[in-house]
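These notes are about the structure you will find just below.
Order of writing sets the labels: A, B, C and D. Residues in every chain begin at 1.
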Amino acid sequence: MKKIKIGIVNVTGYAGMELARLLGTHPGVEITYATSRSSAGRQLSDIFPHLSCLNLTITEKPGEADVAFLALPHRESAALAIQQLEKNIRVIDISADFRLKDPALYPEWYEFSHPAPHLLAKAVYGLPELYRDQIKSTSLVANPGCYSTAAILALAPALSAGIINDNIIIDAKSGLSGAGRTLSLKSHFCEANETASAYALDGHRHLPEIAQELNIAGKTKTLQITFVPHLIPVNRGILSSCYAELSGSISQSELELLYKDFYEDEPFVRIVNGPPHINQVKGSNYCMICARIDRHANRLIIISAIDNLIKGAAGQAIQNMNIMFGLEEDCGISMPALYP
Amino acid sequence: MKKIKIGIVNVTGYAGMELARLLGTHPGVEITYATSRSSAGRQLSDIFPHLSCLNLTITEKPGEADVAFLALPHRESAALAIQQLEKNIRVIDISADFRLKDPALYPEWYEFSHPAPHLLAKAVYGLPELYRDQIKSTSLVANPGCYSTAAILALAPALSAGIINDNIIIDAKSGLSGAGRTLSLKSHFCEANETASAYALDGHRHLPEIAQELNIAGKTKTLQITFVPHLIPVNRGILSSCYAELSGSISQSELELLYKDFYEDEPFVRIVNGPPHINQVKGSNYCMICARIDRHANRLIIISAIDNLIKGAAGQAIQNMNIMFGLEEDCGISMPALYP
Amino acid sequence: MKKIKIGIVNVTGYAGMELARLLGTHPGVEITYATSRSSAGRQLSDIFPHLSCLNLTITEKPGEADVAFLALPHRESAALAIQQLEKNIRVIDISADFRLKDPALYPEWYEFSHPAPHLLAKAVYGLPELYRDQIKSTSLVANPGCYSTAAILALAPALSAGIINDNIIIDAKSGLSGAGRTLSLKSHFCEANETASAYALDGHRHLPEIAQELNIAGKTKTLQITFVPHLIPVNRGILSSCYAELSGSISQSELELLYKDFYEDEPFVRIVNGPPHINQVKGSNYCMICARIDRHANRLIIISAIDNLIKGAAGQAIQNMNIMFGLEEDCGISMPALYP
Amino acid sequence: MKKIKIGIVNVTGYAGMELARLLGTHPGVEITYATSRSSAGRQLSDIFPHLSCLNLTITEKPGEADVAFLALPHRESAALAIQQLEKNIRVIDISADFRLKDPALYPEWYEFSHPAPHLLAKAVYGLPELYRDQIKSTSLVANPGCYSTAAILALAPALSAGIINDNIIIDAKSGLSGAGRTLSLKSHFCEANETASAYALDGHRHLPEIAQELNIAGKTKTLQITFVPHLIPVNRGILSSCYAELSGSISQSELELLYKDFYEDEPFVRIVNGPPHINQVKGSNYCMICARIDRHANRLIIISAIDNLIKGAAGQAIQNMNIMFGLEEDCGISMPALYP
């Protein structure tokens, strides 16, 4: 079979690096280029010695490809996506630039006016569990945020089934790779180790995306979502603890059945009996979910776990690519977690 | 001044060890004995080399003292407390055996019938911020649980002021020392490192204690509390993220004022503007609290941080002792956090 | 191609678990059984949720196979290996039971008399970089110890070239998975986290194995080797810092050339310019080695890094199997490191 | 008693921060100023919330004091020390600017010509265990480097007793706080966590200092020292594993006696039987040392452990101050380790 030509834009961040690692061993693709403005001309292995087997030279600009994976900061991504689409190159955008349907949310949450609002309607939110059919035929995938993936997969079945009301609380714990490779005091080892903290109490950028998708899942517009992200001292992984009020009566076994049915044929979602641990999904594209009735307060507790760099970024992007190009959906991303 | 004679029962767990460390350098006390059934006859420094400066030989049984600190498992603690009280030795009990006022809760949550229900009424819940006056004159302090301390200090001001309704969610993250020194797979380094997980989804034993005290604080009996503890890979510390529904309108500045007023003269509670980090309290007896209005969902978010072995156990026990014996409340426990 | 039937004995330790993970996705094999005395009858996924994709039921006893991987404690392994070989099943033994050529070393270092000394001569020390040809034709591979792999690969080129004398010091740092999954205080999270320590100062069991192989590499019998293992708070990985006295004069560039030549066609050894980091090999079968002249003291410094569960155990065992059965040597174990 | 007026120059690095924490609770001193160029005018608690109890405002320039603690980068420290000494203010310099006796070493190792070579002769190397008497009467203490403290304390007794020859290898493992608070990729959490690595293979700046002091201890000039520092994922602590060749015959018990005698009355050095762990000294000013004969290779193995920010920096500086001003040597720094 002819290999799909893929390009990686901004390969030197963690998402770009992880795309290179996974695509570099993916049997159906060929990496035609990998860019980085600051590192153009260098070998990828100079920056990431563990990827020396890929033998890639970093370029400044994108080249020829069937599909471009954009791992750029927001705003820059939109500009490049427009160019690539004009060249009939499909785009899988890891940034937030095409995730929100309402253009007005960009100035509010990302401090820029969207340059191509018409593309927001055309872009497909790249969560295969919810939008597989649309992903098959689109040329522009907006790859979901890491927190968003964990939260939406956790809550969509309950909202879709109408068993919870509008009050939702999402308490998420993320490893430090979610904060990126750019230097900052909060990512300094000594400041991040042996501690934990909440952040973005005034609103994290993944909130509007979570709200958009959960409202769609619940066929409503009135969800009241509190989302508080936390940093915990691990490299990879998100554990998302979601709390909701039950709108009616449901048994624990009915709840489990509901979740198992919802994700019945999903290759990467596993409904588990006990609370999932981050290390059970670390290094894999899996999302593990545990749904429980809190018998003391009659609430719903849903815990989900993903690897933020894989199911929360690069792995999901490749899952989307596999769907877009008609490959097996788990091709190149079927490895189990690296535990412990 | 004459030194207070203190005894430590079960010095070989983490709470007992921490009592020895802090009391061993406390200027107002003298350790008269430290017990451990399994290690009687050994030097404390054989087990804890960092405490060799204390030069203590472990005994099998308690001896003479003005006050006994009990760091035993539940049930065993009650039995010994009764004996000590009969000898007119004051008791500060680190276990849960005297925390719950309703005897019926013991069979339900701890699988034993309480041997001395009349003492439950007499015992004072040892949270100085709420019960300082009663602590001064009691001979039996029930030292609060670690999760309970963090949660109650976070929510008591809001409940006391009547600004929130009955729906409360507490998402707590604890370091592994909270799980004790006893061997178990969940505390194995490889199983606990680079991961995080929720546990006790069916109800953690600190829930009835939290419910009891928060209902008292809110002058109600109808709180619906969901409490989900999590393990995160740090040695010490609890970060407690609490979510509640506002019952009326309150501004961010009014909220902060309310919290600052509530804890105005407290030596160990600090209201902070930004979300507290565990490492800002690690090794200290402080509790840091940040209260915020979630402007997107009109909820209250309260984050608190403590060192589970100090403000959550040994430090608070000593704070109680200082109050009981008329010492300066921060005597021997005023050290700042060991950061980073 | 017909798949090789493989069996895993004692799948519930970390080495057995890692064999299951890697062999479960290896394209050339089929797992016919996986045993564990204590967990017979259970699903592998009950114990290791990340391996639920393998759908394996644990058995008590070995079954049919072309090759058996033994991940048993020493002594037990020898007994079973003898049985398997009698059934004409090839054996790759992860334990130390066939690593030492001199039977007298077993009572001294492992407290048992070897039950089949004649097999010690027949067994091949499974370090492909040194014994590839013998591995091809043997039915019994003694898979090297984790510390041994890191140390021997680091020092063999220098000894083989005769550039160092008899005085060798190996200071190795290992992650906690090297201490196994069995519970012990030294592996308790709180006791192992935020610390580091040396151990086995009176002699670690990997010393005779290292000495045997380094003496062979150096064509001598007189090496004076000091080997001190340390525990550091990581899950996986060994960093081995080796120090030796130069017997003559050699330049840095000659040294690098010597090392690059020695491992020229090796698929899993990479000579690097800068000191290797554990996270550059974690999750992979690679060994990274950096060789330097200490210009201040005219010594040789060699630093090597491996993943102790992969190149130090399961991955190397599979590399040996690939060689024994004529598969591509990197088949199923070519993944890059999971960094960070 | 009148309190000693002390000043801290550059309070916003980890060494300065730790000076503030320890001096802020030291009963014999009063902090008269704390400087930082970049943070002048801010509250210390803005930068280090755990130090809010100190209530310090950061100034740009030093003020009045009996003694100034300089926690500046090298070169800057020398310039300021000269000024302070001219004002008859005693100086305890945490930098390397007065540690080396030979001025020629500064251009070689620190890339600057020393501005006051005459002060090098006058400065006392602030290791109380070796230079207590000189410290008592000096006005300029050169506080030792962290690696140097651990290595010199480990090896001085053996060299002093003449039991080892010239060949010494020091393999040191340090926590990340040793790399400072300045941002760099090597201190980024994800790059430093779950890994370990050697660095400075071409020579670390603490080598000339270690060589100077060990040659003095051994009354020789010919030591051949290899010193290789490593980073391990802990916040605090250095574990130094030292290897030397025995020049004659000595028993294990004679060795222990030699070490116990050498440090007999030392308040902060403890000779221990088993290998010391970093967490046994973390948060304390203690150095733990274990000396062993390697019976397999007839070498000496010495393992030492310190907290790099305390005995390796701020704590030792205060120990020096206590000696200079006639206070109890352990005043304000006698706390046991914060374990675990």
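Note that a residue touches a chain if its C-beta (ideal position, glycine included) is under 8 Å from a C-beta of that chain, and two chains touch if they have at least 3 such contacts.
Here the structure is a predicted model, which is why all the values come from computation and not from measurement.
Listed here as common contacts of chain B and chain C: A, D.
By number of C-beta pairs in contact, A-B leads over the other of A-B and A-C. Centroid analysis (C-alpha atoms only) places C farthest from chain B.
Averaged C-alpha coordinates put the centre of chain A at 36 Å from the centre of chain C. One inter-chain figure worth recording: chain A and chain B are separated by 38 Å, centre to centre, where each centre is the mean of the chain's CA atoms. Within chain D, the positions touching two or more other chains are listed as 14, 177, 190, 193-194, 233-236, 276-277, 279-280, 282, 340. In the complex of the two chains, the chain D residues touching chain A come out as 14, 175-177, 181, 183-185, 187-190, 192-194, 233-235.
Those residues of chain D that touch chain C in the complex are listed here as 167, 169, 171, 173, 190-191, 193-199, 201-203, 207, 224-226, 228, 230, 232-237, 239, 241, 243, 245, 275-280, 282, 290, 292, 294-299, 301, 303, 305, 340.
Those residues of chain D that touch chain B in the shared complex are 14, 17, 21, 24-25, 48-54, 177, 194, 235-236, 270, 272, 276-277, 279-284, 288, 334-340.
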